[in-house]
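Next come two complexes, and both contain subunit A; in the first it sits with subunit B, in the second with subunit C.
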Partner chain A sequence: MTELLAAGLYRLRRSKFLWLTCLALGAVLAILILWEWHDLHRTPPPVADNNLTASLPLSDFDQVVFSFAAGAVLLSSAVCAWELGAEYQDGALRNKLAVGRKRRDVYLASLTLTVLTVFILCLAVYLPGIAALLCTTGSFYMGWGRALALMAGLLLAGAAFASLFTLLSFLIPHRAAAAIVTIGLTLALLLGGAVLTDRLAEKPEYVSYEMTVNGEIVPSSIANPRYIPEGPVRDVLTFLADFDPGGQVVLFAQTKTERMGRLMACDVLFLVLTSTAGLLLFRRKELR
Partner chain B sequence: MENVFLARNLTKSYGRAKVLSGLDITVPKGSIYGLVGRNGAGKTTLIRLICGLQLPDGGELELYGQTGRDLTRARRRVGAVVESPAFYGDMSAADNLKHQFLVLGLPDQDRVPELLKLVGLENTGKKRARSFSLGMKQRLGIAMALAGDPDFLILDEPANGLDPEGIVEIRELILKLNRENGVTVLVSSHILDELARIATHYGFLEGGRLIREIDAKSLESSLRRRLHVTVTDTAKMAAALDGLGLAYTVLSDREADVYGDTSVTDLTLTLRAAGCDLLTVSEKNETLESYYIDLLGGERHD
Partner chain C sequence: MTELLHAGFYRLRRSPLFWLGCAGLALYTLCAMAATMRWPDYPATNAMKLENLRTSMDRELFRFLLNSFYVAPVVCAAAMGREHQDGSLRRMLIAGHSRRKVYLCNLLLSVFTCAAAALAGFLPGLVLEYAVCGSITNSLKDLLVYAAGMYLTSAAMASFLTLLGMFIPNRAASIILSLLLSLALIVGGSGLDRWVHGDEIRSVVTEDGETVVAHVPKNPEGPGWDAVRLLVDLNPGNQAVDYATFSAFEPERLMACDALFFTLTTAAGLHLFRRKELR
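Right, the complex of A and B next:
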């Protein structure tokens, strides 16, 4: 498999689509952070307490970096589908199998390179993002420990997505169709994850304020109809939200770091399941 | 003679359509094996099975004496162009070859310029393979197949898209590889005259079966002499030739092909006696094409 990996890396180095996407992502992020920083200093906060007001925009800077990283995962679906699609469209897959490369090795090498592609896209956000933060706020507002955990979480969710991209690209021989399905499914997983995360974050009740006849304002609790009560339904939905790498990406984009261990375990499970399915299906796939 | 490849009772279906139905074929070592058959006869399907792109429904494949799972290892000695030439369209010819060298685990890429020169693509520079002409793409496909220095080269319609000069170059390349390097070649082609110039063995496919397997010498001796004649009445001619026991094909009211060893004088006298005048006569040798058409069921009266 090392030969296939070496050949894949050779091709990856020549992928203009990948490197231009990386350049565009990194440049836009760095410019955005520098522009916002410039804007923050040009218009001083209206409230006297600088410590209070400054904390909000500074935490926003962190969120910009992780929102871009989530965007990078979405963009990676297009890049990976395009690159993997060339294997079928250009017939390169035939050249590998006809000279005696095992299907398992071809699949696993492609999976490894797709994971690497997603990592490169994430790094194209992290590195300029960190550089821009060092030049402006000086560091992550949330602290390096939490930031590194989020980065690792996003990389692992990206790897789970990469295994899905590989599966789809090896099963759909038509490059454009594979790209459409891959991008569409990635969007669906991100949106589905966002909706599920939003619903599960609903509180059981919310506070309402009522004015009594005496003119007093009294808080009262009202049951939240959108809240999903504890029980099997909530458990299933929580598992789905955690298992969906799109849901994780949404959580990380919001810089939330709850249940990191469980989320990472779900990523590994997702990766193993999709890769096993891909290997089994590709083993008997009829190629033309 | 040692065999490079053989298949026994090979079957393959696409859905309900049976493409190969009990195919038996043997490719001897050192041969140039011409695979002849009309569209849908099963030529490309057979090549896909040899290359491991598809799996047979039944039967046995043997490559360099290896069968089953060991076929994958035996394929390392194979180079192939299946249907359309395969390469990355967004890379240059040299980069594609370097990539294929890496796939093959050959870190020494000194042979890249040599291979490019061999197929006449040495001056393509950084031009993307996607923008090559059809002939150039075909040459690049062949260069990719040769990257691993294969012992067994499989070419599916290698003359497709090539100009006359390109066809001659590919022919000479195949002959050179076969004679100087001892490469066994399996080549499928619709251009039978071209195939006849290089093949040492032939396999004729029809309806997913090999209807005849023959070597070039046996084929040559079985290709019969043919006299193309114009006569006044082909009905009277037919009666006279039936009496002589000669084979013939009636082409029109006045034209026919007569097969077998007979002198023009004897033919003229026989026809004259039957009340039929011989107006013109020209001698032609039966070609691979006419042999193939006959094999598929031409209208010859034997």
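Right, the complex of A and C next:
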């Protein structure tokens, strides 16, 4: 397996698509942070909603660093589909098996390289963003501990996605079809996770203001029809939202760190399940 | 060119991606509309509930446009990529068809694909709203103007996809690049739009000498910023976001930008395709 990994790393090092994507993502994020900083320090300063003094939303800068997480995951789906699809197209996969490599070793080597690719893309987003943040505000508003925990969570969610990309690319021999399915499924997981997370965050009631006969405005609580009450349905949806790595990416991009331990455990479970399924299915797959 | 179009439509009719994409957009609109039909406990009267429902359904009429920016690149890039890959494109030129006709034929097919996807997403929503509410909130004239803008935006997007599809011989690369650039046009477009057209809350001194808090444009007027605004408005992704969220306040201006974008990309595509080496 060492030779497989070495060959894969060599190909990865020479992948123009990967490095151009890293460069583009990092540059865009760094420019965005510097522009937001410049915008905030224009004179005269803008005023806040409730008073006439300007308040610096430093916490917003922290969120800008993590806001590109979904973009990094989506681009990594394209890069991984492209790189893994090349193995089928040029016959490298079949050649590896023909020279005696085991299917398990080939799959695990590709899985490791895909995880590495996703990590590289995520770091390409965070490192320039952190550098720009340090040049402007000097530190994370939320504190380094929480920031590092968020990064670890995002990297683990990225690893879960990488196992899904490997599963799809190994089962779909047609490169174009694999790219469509991988990117489409990644989008679906991200959007589905966002929708589920929003829905679960709905409050049971909201305040409505009504005008009485006397002309007074009286607040009253109205039941929120979009609220999902406690019960088995909510439990299932909560598990699905936590299990879906797209939902986690959306949560971390909003710098929410509640249930971090549970989310990381779900990522590990997702990775183990998809890798096991991939290994089992790839063993039976006929390669032409 | 008639034979080229005939062959192209035949292939499109048999493309499962095209039919799946249209069905998906129709289903998305119907689901989005159905989701608005859960009536809350307030307001008290049915007439007011119906009015609220009509407003909510109106907002979902054009929401599918954002998803069509995922469907159209896949269908168009897959079709044009296949022509490159199986040698059909080269054979068309060998058979005597001019490069201009081949390019324009693919452009027309892409425009048809994008327009069909837009129709598949729009019509079911409109029919459902009329069936449930009996009418729409906006006037018919406003709706027709928005629909025309939507089709022109789709045509502008089609010209961009044709430019990409005719130049990237690898089918997988064409699909990936078209999809990612479409997403970039939407996400980047909405961000740039907020930057250029956005406003902020500032303290302003009125004519009476009173200091009030007011919404003012973020960036000053002037020829420089006007040029930047024009470049941002040229982006069909930005326009799709405006139509999808019912916030296209100057649809005539956006339609003119679409026409300009279409002309520029088609001219560039024709000019570059004449020089492209086909292997």
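The working rule: the second predicted complex is superposed on the first by the 263 of 288 C-alpha atoms of A that agree within 3 Å, B and C clash if a C-alpha of one lies under 4 Å from a C-alpha of the other, contacts with A are read in each partner's own complex, and residues count from 1 in each chain.
By our rule, contacts are C-beta pairs under 8 Å (C-beta built on N, C-alpha and C of every residue); 3 or more make two chains touch, one makes a residue touch a chain.
These numbers were taken from a predicted model, which means no experiment stands behind them.
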| item | value |
| --- | --- |
| Contacts of A:L4 with subunit B and subunit C, given as first, second, both or neither | first |
| Touching partner for A:L97 - first (subunit B), second (subunit C), both, neither | first |
| First (subunit B), second (subunit C), both or neither touched by A:R14 | first |
| Which of subunit B and subunit C A:L287 touches, first, second, both or neither | first |
| Touching partner for A:A78 - first (subunit B), second (subunit C), both, neither | second |
| Contacts of A:L23 with subunit B and subunit C, given as first, second, both or neither | neither |
| Residue ranges of subunit A touching subunit B (in the complex, touch as defined) | 2-4, 6-7, 10-11, 14, 16, 86, 89-102, 284, 286-288 |
| Complex contacts: residues of subunit B adjacent to subunit A | 48, 51-55, 72-80, 82-91, 95, 98-100, 102-105, 144-145, 148, 154 |
| Touching residues (chain side subunit C, partner subunit A) in the complex | 38-42, 70, 74, 78, 81, 171-173, 175-176, 179-180, 183, 187, 200-203, 211, 213 |
| Contact footprint of subunit C on subunit A as seen in their complex | 44, 46-49, 52, 71, 74-75, 78, 81-82, 85, 175-176, 178-180, 183-184, 187, 208, 222-223, 225-226 |
